[in-house]
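Please find one structure pasted underneath; my questions will follow.
As written, the chains take the letters A, B, C, D and E, and residue 1 is the first residue of each chain.
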């Protein structure tokens, strides 16, 4: 487990062509660009379908089942309809910002998938700093959201966008710290090598890290219970209140593409990515992505929304210290006992996680509620 | 505010939702599966019997808003009223059933059917022969127990056991 | 917390009230006549069958199978609407469980409840904020004619004074099944009505529309 | 059982405390002169033995020749209630003192009466129309209201 | 709980208009909120978007013809409204209601309380942000209750069932067996529902200690019903001023101490249990006999005035009727529970966040039909 691997010290060299790839450099790029766009669109449709059906069943209903077989074409119908709706720009809006916002929000989400391995080496660019790249790129979408909030000229939008920025800035820290735990164990920043190194899924080796990462990821992409920026019951539709037609479709797409991206990253980092018996690797990857996404749907169905100050309190007072402790413990384990079987760490880490959560719950306070006015 | 129970409440709640995922949903898929509605259902129309009606206009007087318009003329030969126009604006009627309750000659019935949406406002005004009972306009058993007996038993959601019952 | 005590907002509360009153009077004065039912398509059935193209069909299909409802539920009928959305009747089977709180993203306005003159400007505004193509279902007696409250001093006799209505559902309130039936009627209407009559009239996503 | 106190029981106490304030003592209500309403109400709310601290409702009735404002107040401790009434004999600008200072719950109800019946409550902090809009002609609950 | 925020930045309040069309204003309520960032500084409620002039319409209707209008007052609990109105007219005219009718009325009123609390609890949690799930579950249970109402009176929402001097029709034969099943079913359901959210940490954090209504304020504002009982006022008209036949049943009056949103939720759940208790006793005792006293359709009560109040699900619902011995009421005033319960809203929300404003508002449980009339 060499932390100071040469990969980190070397200049940022890209391993663009996996060894078993038949074509040349450009074919690789072209193929994966098309594949990623198709993958994202299809996965988003699948995700929307899964969410609406799953949520329907959890609410003792059925969910869409009349459009196409089993309602499978429902997302298609929605997409076609939304794209052809009239496009409205409010008169009070800042026109340019209003126009640019969906694009700025959408591009980074698509770009995240460049480093996600669909199977061994099958990715657009096997960056040796892949995970860093993900962290860097994924927060750019916030700029788009804030532009939307500002450019709409609507107070609801602005409130939603401000909430989102605050949440993303705070949750970036525990999220990165949770990732560092994984990086220390695997000894690499490359997504592909993290997967190849996962003989035991890291969800077992890093249970606390997984929990922190999952919560932080939910907050970053505004899934419930942290969906404050849309907050249906408070801010009508949050930052995209004033968007209609195609631009709204892009925000809708971003919402689910982000969820899929985060699910894919969680599947890669903690659920051993494409690895699995019997089935082809890419199928394993998709299944794991959907399983993670399903958990997000599940929490969304069950949990009420937290308040903005509680959201902040959770990040800084609960997740941040726990992530630091987790990082510290992992580092000690890796440095002091580099050669011990990881199964021992599994048991130890689960115990540590349980004790930490119990302890921290005792002195953790979610912050004050009322302010004197 | 302490984070008191270490997430046990959250886990309990999530167990409830996942249990619902595995249960059969409560849904009746309306156009294909139909519920038997109540025998006393006050459907979205009024049914009028020309034979029984004597043109006393009790219904029009009882109607809390005057949705019933009735025009009569005297038939001196048979010594009774002839109903010339009997008009109900279904879009104005609120189906309170007071007219049916008040009719002294059992000449009014609430309708049993509810699929009465229209594209045009004017189509909602029904008069004379449009108000008579026909196979497409069955009468309901509201204030007419003899009709209620002939109608199918109401589907009750209580009787559809969706959830597994606990042992007592 | 200290807040600048001189609350110099753009308008004071009483000015806002006054403006609202003016707006209501304006709407009231301009809505004496009912808006005609948009029913011209009913007679065009024959022509339509010949002109039907596959593009038309796909667009129609998409529009009728994802009708998102704007939130405009003033009164009682809202609960029958929620019942129709709820677990027993489940309108989500038609892809209708998405209630858009923002009218900018909605296609269908189900007018569930009594419309008062004070509310009328808001309803008209919601309707104007909805992007084309858009439809309105007048639900219940109050929505159709003012119902039991028609003789009141503050009630609009029917939504068709304010917005054009596509389908009227009688009942007070209509059963959820009746509402679902009306939605299906609306779907039939969308299937029959001309959607893409001409390429030049195709809703252009790049057009800058102002509302 | 909430005991409705008849005027006879409390009329003597009120008369000694506020001579001349009571206009009429009916079987189930006390008709108070509108200028001394506030004092009587405050006495009933705070005095030992009464403690009518809960205001059930306020309403107003138009009797053509006068407007009558009706207050029902209840004592939660002793479970008794009493009905107070005050009259205003003008039709142009009927005025009754506001009890908002005593019972905060009167706020919206007094605004409602002002809106629909046109009775001004003196001392109300924010007396403006509540249901209808600024510029609505007339007061609908008055008997002579014509649409 | 209450802390004073140190002033480091000079902040400028702004006005946010919530409503009249907003997902969580329970109808067409409007609040002009002055916000300082997320903190609510002041709110000014604006009513009247559903003002239909019911009190004026009553003067044009016959006594019986007004019953359909009472359905549309508080359209979540029409049976209670029917009952209150009929009791007021009976008090005015001195009519004795037959025994069987009294039992039927109590059964209906208690079923209505269950149905209303189902919606109240569900929509409050929906406002808290649980994505429709609690609402769907409670709505499903409400459907079961509504089925029974449909059976006896043929409508699902506007029942128009009670008449002056009794009820309009006798209950059908299959009603009581179905009621038995319903009571069993609801007992199970409440347990399950408690599992869903009773101990949910997020709900506790959101609702406990939020929107505290002090006992004195509650009394001063004339608050009644579950909101008052959550603040520790043991006041229930069914017990303190027994009407109909409530003095024959055993039941408790649940109260809480803190008067926060969570207590209001708890009180409603407990009241549902008590209602089930009343139903269990009532359905065993229903006697045989007529269901309506001999009252003419065009009843002319003697001149005079009467105030009858009942414990409606939302609080004290009263009808003040002045008769001049004609067929129509001379004046019919409705004590609007919802409007009076809103009187304390302004004090309750000051200093809380926007998200709290929504949940506090939801916990009061109002119906705009009753507020505006």
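Basically, a contact is a pair of C-beta atoms (placed from the backbone, for glycine too) under 8 Å apart; a residue touches a chain by one contact, two chains touch by 3 or more.
Here the structure is a predicted model, which is why all the values come from computation and not from measurement.
Please give the intersection of the contact partners of chain A with those of chain C.
Chains in contact with chain A as well as chain C: B, E.
Determine the set of chains touching chain A that also touch chain B.
C, E
Which chain's mean C-alpha position is the greatest distance from chain E's?
Taking each chain's C-alpha mean as its centre, the farthest from chain E is A.
Which chain is most central here if centres come from C-alpha coordinates alone?
When every chain is reduced to its C-alpha mean, the one closest to the whole-protein mean is E.
Taking mean CA positions as centres, which chain lies farthest from chain B?
A
Just curious, how far off is chain D from chain C if you go by their C-alpha centres, in Å?
Distance between chain centres: 43 Å.
How big is the gap, in whole Å, between where the Cα atoms of chain B centre and where those of chain E centre?
Spacing between the chain centres: roughly 25 Å.
Hey, how far is the Cα centre of chain A from the one of chain D, in Å?
Going by mean C-alpha positions, chain A sits 62 Å from chain D.
What positions in chain D touch 2 or more of the other chains?
129, 131-133, 140, 145
Where in chain E do residues touch two or more other chains at once?
Residues 4-5, 14, 22-23, 36, 39, 41, 48, 51, 53, 56, 68-69, 133, 136-137, 140, 143, 158, 196-197, 200, 202-203, 205, 209 of chain E each touch two or more of the other chains.
I need the residues of chain A touching at least two other chains; which ones are they?
If we look for residues of chain A contacting two or more partner chains, we find 56, 58-62, 232, 236, 301-303, 310, 366, 369, 371-373.
Between which chains is there touch?
The list of touching pairs comes to A-B, A-C, A-E, B-C, B-E, C-D, C-E, D-E.
Which of the residues in chain C come into contact with chain D in the complex?
By the definition above, chain C touches chain D via 14, 17-18, 20-22, 24-25, 117-118, 153-154.
Which of the residues in chain B come into contact with chain A in the complex?
Residue positions touching the partner: 1-7, 10, 13-14, 16-18, 20-21, 23, 25-27, 29, 162.
Under the stated contact criterion, what part of chain E meets chain B in this complex?
Touching chain B from chain E are residues 61-62, 64-69, 133, 137, 140, 143-144, 147-148, 150-155, 158, 160, 168-169, 172, 174, 178, 181-182, 185, 188, 191-192, 195-205, 208-209, 297.
For chain B, which residues are in contact with chain C within the complex?
The touching residues are 25-31, 34-35, 37, 44-45, 64-65, 89-96, 114-121, 124, 157.
Taking the complex as given, what residues does chain C use to touch chain B?
Per the stated touch rule, the residues are 34, 37, 39, 42, 87-90, 93, 141, 144-148, 150-151, 158, 160, 165-172, 174-178, 180-182, 184-185, 189.
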